[in-house]
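One structure below.
For reference, chains read A, B, C and D in written order, and residue numbers begin at 1 within each chain.
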Amino acid sequence: MVDYVLSLILFIPLIGAALTLLFTKSRESARMVAFVSSAISFVLTIMIYLQFEPGIAFLGFQFEEKIGWISSMGINYQLGVDGVSMPLILLNAILCPLTIVYAWGESKLPNQFFALILVLQAGVFGVFMSLDFFLFYIFWELTLIPLYFLISIWGGPNKDYAAIKFFIYTHVASLVMVLGIFALYFSTGVNTFEIPVLLEAFSDIVSAEMRVGIFLALFFGFLVKMPTVPFHTWLPDAHVEAPTAGSVLLAGVLLKMGGYGLFRVLLPMMDSLGPYRSSIITLMAVLAVVSILYATFLALAQKDLKKMVAYSSVAHMGYVMLGAAAFNYMSVSGAMFQQFSHGLITAVLFMSVGVIQHSVHTRIIPDLGGLADRMPKLAFLMMCGFMASLGLPAMSGFIAEFMVLTGSYLTLPVYALLAMVGIVATAGYHLWAMQRAMFGSYNEKLGEPHDLANFEMIPMAILVLLIILFGVYPGSVMEMFEHASKIIPGVMI
Amino acid sequence: MNYIELASEFAPELILTIGALAIMMIGLFLANSQKKVLGYLATIFLAVASLVIVYRGIYDIQMEGILADSLTIDPMSQFFKLTFLVVSLIVVIASIKEYDGHSNQDEYYTLILLGTIGMMVVASAIDIVTMFIGFELASLSTYALAGFNKKDPNSLEAAVKYFIIGALSSALLLFGLSYIYGMSGGLTNISELAVFFNNNPAVLQSPMGIIALMLIVAGFGFKMALVPFHMWAPDTYQGAPTVISALLAAGSKKMAFVAAFRILLIAMIAIKIDIAMVFMILAIITMTLGNVVALSQRSLKRMLAYSSVAQAGYISMVFVVMSPEALTGGILYVMSHAFMKTGAFIAVAALGYMLLKENSNAKDVDHLDNFAGLGKRSPFLAFSIMIFLFALAGIPFTAGFVSKFILFLSVLEGGFYLLVIFAILNSALSLYYYARVVKYMYVLPPSSDEKLKVPGTYAVAILLAIIGVLAIGIVPEPFINWAASAANVLGL
Amino acid sequence: MLPVSYYLIVAAIVFCIGVYGVMTLRSGIMIMMCIELMLNAANINLIAFASHFSQVNGHVFVLFSIALAAAEAAIGFAILMSIFRSKNNVNIDNINILRW
Amino acid sequence: MAVDNIVYLIPALPVLAFVLTLAFGKKLPSGGGYIPILAIAISCIISVMAFLQIYNTGIPIEVSAHWFSVLNVGILIDPLASVMLMMVTFVSLLIHIYAIGYMAHDPGKPRYFAETALFTAAMLGVVLADNILQFFIAWELVGLCSYLLIGFWFRKPTAAAAAKKAFLTTRVGDVLFLAGIVILYSSMRDVFLERFPAGIPDGTYLLQFSTIFDNISHIDPTNLTIITLLFFGGAVGKSGQFPLHVWLPDAMEGPTTVSALIHAATMVTAGVYLVARTFPMFIASPAVELAGITIPATLTVVAYIGGFTALFASTMGLVMNDIKRVLAFSTISQLGYMMLALGMGSVIGVAAVGFAMFHLINHAFFKACLFLCAGSVIHSTGTNDLREMGGLMSKMKITGITMLFSSLALAGIGIPFLKIIGTPIGTSGFVSKDAIILEGSYVFANVTHDWIPFAFGVLAALLTAIYTFRLWFMAFTGKPRQERHPHESPATMTGVLSILAVFALVFGMLTFIPFNIFVGHTYDHHEIEELAGLAGNHVIGHDEILDIAHHASPIITLLPVIVGVGGLLLAWVIYNRRWISVASIGNMRNPLFKILAKRYYQHEIFIELISLKFTYGVLALAGEFSDRKIVDGIIDGISSFIIGGAEVLKKIQTGVVQNYATATVLGVGLIALILSLRWVI
């Protein structure tokens, strides 16, 4: 079984999706089938996580599977995991079942809803596992479709605009990325789409301009996905309209695909960029810092709680970029950990916002007020989430930010210090929102809200516990990231 | 080569010819209600012809110079013939229900078979005379088919526009070919022409050669529906009977590609730079205009027509890149597009049929509004339309993705960055209107809750197309190899 | 014997007249006649070349082309007849329900 | 070495108490308040055991373990930490006991006790940290608890706003602190890479205090000054020094016990503790020149900011009518004294740490006592407003007397010149403040001829006495100004008050000498001298300090007491005897009064101008505008351009077939044009 374990993890959600879509008639059976299939994936993921040995060698993949597919073009069905992907796979395996539990009460077309979530899960697994660019791109695209449907069927009032904007914007980016893949494919001349082979062959490309061009094309694809200012505007719109489960997965795992691409594909190329290396690093650093500061101030300006959280995602992903740009193992492993941690944190935030929306039917911060009075459980969990998001120590976000900032200061001191300016404003919008939405006297116009239902509270509580757990003891996840980042060629130790 | 051998070489064409004649004859003796049999008969003939082609070999067959050097059988011809046959087969299957009880069914099926023969002749032709004849045979049949619903003003308008522009283009093509004939000192065979022009490139670069090129490109551009020779296409695809639109978009359009491959890329390869320049501009404006205007369409057939225009733009990048890889991609794209477009049109036809059955006065059955809530009314139909549209948009696991992937890869490999960027942006743009249909089907509420039952023959036709789309999408290897061997024929 | 260019020039003129007619005339029948002109211009070319090179190819081509032109005319008139039946004229410039 | 194995329980028990109280508090009597009391009591006992061990052996307790990456977790109990540890556990314990009574009627008790337990744990984390990052983590967590507890009555909008303000203002300091850590890591890394070019050996933790202190001399002096200045920035935020002191008065929105525990005794002193903790770095930081700007030596900055804050805050304390705010300003002012004391380190060396810590501990007792007394008053009168109090002495004897004692301590009343075995006689505030002013700033002035810190100290002492007794006289003497009938608080509360009052009175006298000797052992004197040498300073020895202080002129020696007693009398004259009309000074027409009452317009500057007008109004809204109209506007513009273009382009399709024919012919022309381009090119 171990031979195909990755395929199992990948395909069980897909099978589950098919079952859910075709054979479940009631809400109860749909969510049960969906939960069970994602839970099986989770268990299998834990199994391989425990067997995983961190940091064998650069491009040393484990649990590898390879089946020829389109041999004339060197395309294979090839899966494998290493330290970069393993924790992210774990993240995906954690978040999806929790999201399904959170959406336990979904009553609009439940079988389609849960099926789409499972497809999304499978797509993201695929991206993190693929060792073949063709396969990678297929899964990369495949994640768009379920989310497009999640937004456009279960979305808010302006869902058409948001869904299509999300769809087209990210599609354009992935097409640019695929151009980079094409160029990489033919200019290395190795006649294969295997990621490890292409990465190793990248330095053999004679023309430095070509190498930079490939790098930039791929970079653009990842940039939009992360997203980085100024290519971020699809994200707030998508979040505002998406149903909570969609937002959770969008921010929780889909954005991570962008960062994953950065670590998997671009950083190993960094050393081969020759004379352009420093300008590329400057570009990345500028984008990162601009993302952090700009998105932070935007978050401050938002009246819609969900939009605020969306902008906070942009800012947090800015740290990922900064860590990658600094290109030393501390910052890179911090950036990787930031991805992991942000996935957990943002899920809590979106779930909290979802609960507010659901029980008082508005998310506009000035219209809320004093919710802590009527919804103490929510207030507690949301407070935990907000604190984690603003980078409070003993929560996972701090570990990540500390590693990123400390690491970045070693190579990009000015940018690291600039990024720190955002920290105060980050605390500012979180606390301001908290003050206006949760504290003060209860706004009676909001009616009688119900506090968290159990199915909402359990996933949020689990996430909060995980955030604290990883904040207090980053342990094996951090170890994997560290080993993975130490062996990237050219990375500063 | 005796006649028996000759007949065996051309068994598929002969079978269809016999079939066409037989159907016409049998039709005389059948009542309208019984003529449905003819549809099954045509299906059988087409199926048998396809099987013969497959049996005869599709990869490595090579027979030159049959019938006074006018025809050939090579992987390219086999590839295109099989494509045409499958498209016709799907169209015929779908038509069985569409024209059940119609008094002119015998003519209808005869015309389809004759048109298919014409296309197959073009696929095989290596002589410009033969090619022109095949071209005209296919065109004439389809002119009539486009106007087949004589009582329907849309159908008539479609036919008349198609006919006039078609005839004009034939004349342009013929005039261009006459110059080729004259310049080469009386050669009509393509390989001989290639030899001649390669030895005397100056001839083709003379004003006369340039005029010939202009006219030939215009003639083919009409069939391929390249902007600005595409003007007939949206009107005709919209007005013609939907199944015939499928035939036009998937069949006769592709015929122009195979003809152009042979004439432009073999015979006139001496001026490949001029050809590349022309097609570079045409490809860019074609794909851009097609996609942009498709955005504004509310009639699904018209939208598919513009999408078809845009796809022709992608395929015509082959004439710019002119590398074996590009040609492989282009040829594979031809087949993929045949499946996707046929499927899409047939699915629209099925919906139209059901809506008309529900309410015989329904107008504009292909209007986008009629697709609202189709996911609830007919899950099968909605799902298949979604697959076809996503395939057209180039979403993974479909034929459209694989062929776009290979085609765009080869264009980039050829160093045509600008072109590929245009193609990619257009591809992204196209997602907008495809996704809109999907949104209508799955997001918007249906106008009535009544379930729609897809008739059996439609379902079979759609399934065939889906199988094609997914087969190329999931197991592309054999198809790519096949397309590559077809591409090798041109010896680029 | 006249040089071949004379024929070609005539053919070109005829062709251009045909093109002009297709672009400007209203009646379907007139347009079809113009198309015939264009086809025949091509035929003149072919014949001229064929006799110039003393070849038979071109003649064959022309014969086919004439046959095809006839078939084309048949279909064209059939379509125009149908139009005439429904509209009582063959002015095709006001057949424009399908547009945009 | 039994204590070594259980020291981790010191912070762990309160954490456990936090979890238990949070989970089961609702079901237990007193909101589960006994759980943290028990836990903290045990922590307190262990702390004392640890103290005894260190006192006896002279060897600090060090426990360390790998955490992740290049970081470790560990516990370091040296004399400095030990005294702090005992103070924190003890005061926290007393305040928890007091809170059982004080919070008895509040429905949010379980939450209160959970949060204070967490706070205690975090504060102990600060104290025990053996590396700067762990210090920072705990430092942030105490900030969180402060936030939660200030906003404890979250239904009150002012409380919610105050909580946010507190968090944000301290966050400014925290970011500076974090930046300091980041730069420190980088500098340390450079130091070690120079020493081990092949790579830093495993098990070296660059942020561990011991590692840092061993390598200070190798760190680039410019970096060192920047790092310490940034650290001090953190301390400024946490300890409410100018200009980041604005949050502390507002923080009084929390329950009074919280003010006593967090905003008087423990958390706000963390900043002082930070400077004391990293004192070797501070003392080694020279004045440097960076990009043409001269940056003064860090300790000089510390001294000036501290001294200024001491004076500045006390001026505002003069006019406040809210009993707790007076105390809050007093806290800021006293923290300024501690900073001032530390700032003297460049001359008096490690003695500065001793004086600052001594004042810190004393302050913890008397200020906690003052706050708890205030709490007791508020508890019974139901108001914070001094103007509504008066004549409480008769109703609340114990509260009044304990408050009087602690006020005496705060005002620094004692007997000058009289020393028994070297120990001055007076309230604990007198002992420590006297040490700071005389043996600290006077000696400093004597050596460097810089009299400004001394002046700050003396002036602040005068004002301190005035506002302290203004408060006491207004609350406890005169006629009752309220309808309500106050009553004495329950025994749990008054018991705690009494204990604290006793400490406020005698702790200073009892421990002055041993305390300073003990704390002085934290750092090796010779090393400190060497480090001071790096910054170009000469540290004088203990005997020399005493020598200079003893030879000061009697006026100087008397000055602290004179101003103390003078202030007391002035307050008595105005607020008890009322020989001078309060109204004639304290009205808004008096510009001096107005500016004080408006607290130097800090609210206007900080809240209105910086946060609302600039950050929100300018930056955030400009960002929002650019995002919607420019960044997204371009995207939307492209899409509407294309869709609009589609509407235009589709009109080409006129439906007239002749036009199509024309297009075909034009197409041929287009091809001709393209082909002719070739000739042109």
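Basically, contacts are C-beta pairs under 8 Å (C-beta built on N, C-alpha and C of every residue); 3 or more make two chains touch, one makes a residue touch a chain.
This structure is a prediction, so every number in the text was calculated from the model and none was measured.
**Q** With centres defined by CA atoms only, which chain is the most remote from subunit A?
**A** C
**Q** Report the chain closest to the protein's overall CA mean, measuring from each chain's own CA mean.
**A** If we average C-alpha coordinates per chain, A lands closest to the whole-structure average.
**Q** How many angstrom lie between the CA centroids of subunit B and subunit C, rounded to a whole number?
**A** Here subunit B and subunit C have centroids separated by 25 Å.
**Q** When the C-alpha atoms of subunit A and subunit C are each averaged to a single point, how far apart are the two points in Å?
**A** 65
**Q** Distance between subunit A and subunit D based on Cα centroids, please, to the nearest Å.
**A** Distance between chain centres, rounded to whole Å: 37 Å.
**Q** So how far apart, in whole Å, are subunit A and subunit B when each is placed at the average of its C-alpha atoms?
**A** Chain centroid spacing, subunit A to subunit B, equals 43 Å.
**Q** Where in subunit A do residues touch at least two different other chains?
**A** 168
**Q** Which parts of subunit B, given as residue numbers and ranges, touch two or more other chains?
**A** Only 160-161, 164, 168, 172, 234-235, 296, 429 qualify.
**Q** So which stretches of subunit D touch two or more other chains?
**A** Touching at least two other chains: 650, 653, 655, 657, 661.
**Q** If we use the touch criterion from the header, which chain pairs count as touching?
**A** Pairs flagged as touching, ordered by label: A-B, A-D, B-C, B-D, C-D.
**Q** Tell me, which parts of subunit D touch subunit A in their complex?
**A** For subunit D paired with subunit A, touching residues are 67-70, 133, 136-138, 140-141, 144, 147-148, 151, 154-157, 159-161, 163-164, 167-168, 171-172, 174-175, 178-179, 181-183, 185-186, 189, 199, 611, 615-616, 619-624, 627, 631-632, 635, 639.
**Q** Applying the document's contact rule, which stretches of subunit B touch subunit C when the two form their complex?
**A** Going through subunit B, the ones touching subunit C are 129, 132-133, 136, 140, 143-144, 147, 150-151, 153-154, 156-161, 163-164, 167-168, 170-172, 174-175, 177-179, 181-182, 185-186, 188, 234-235, 238-239, 296.
**Q** For subunit A, which residues count as touching subunit D in their complex?
**A** Contact set of subunit A toward subunit D: 165, 168-169, 229-230, 232-234, 294, 297-298, 300-302, 330, 333, 370, 372-373, 383, 387, 392-394, 398-399, 402-403, 405-406, 409-410, 413, 416-417, 420-421, 423-425, 427-428, 431-432, 434-435, 438-442, 473-475, 478-479, 482, 493.
**Q** Subunit D touches which residues of subunit C in the complex?
**A** 19, 22-26, 31, 92-93, 95-100
**Q** Taking the complex as given, what residues does subunit A use to touch subunit B?
**A** Interface residues on subunit A, with respect to subunit B: 69-73, 134, 137-139, 141-142, 145, 148-149, 152-153, 159-160, 163-164, 167-168, 171-172, 175-176, 178-179, 182-183, 185-186.
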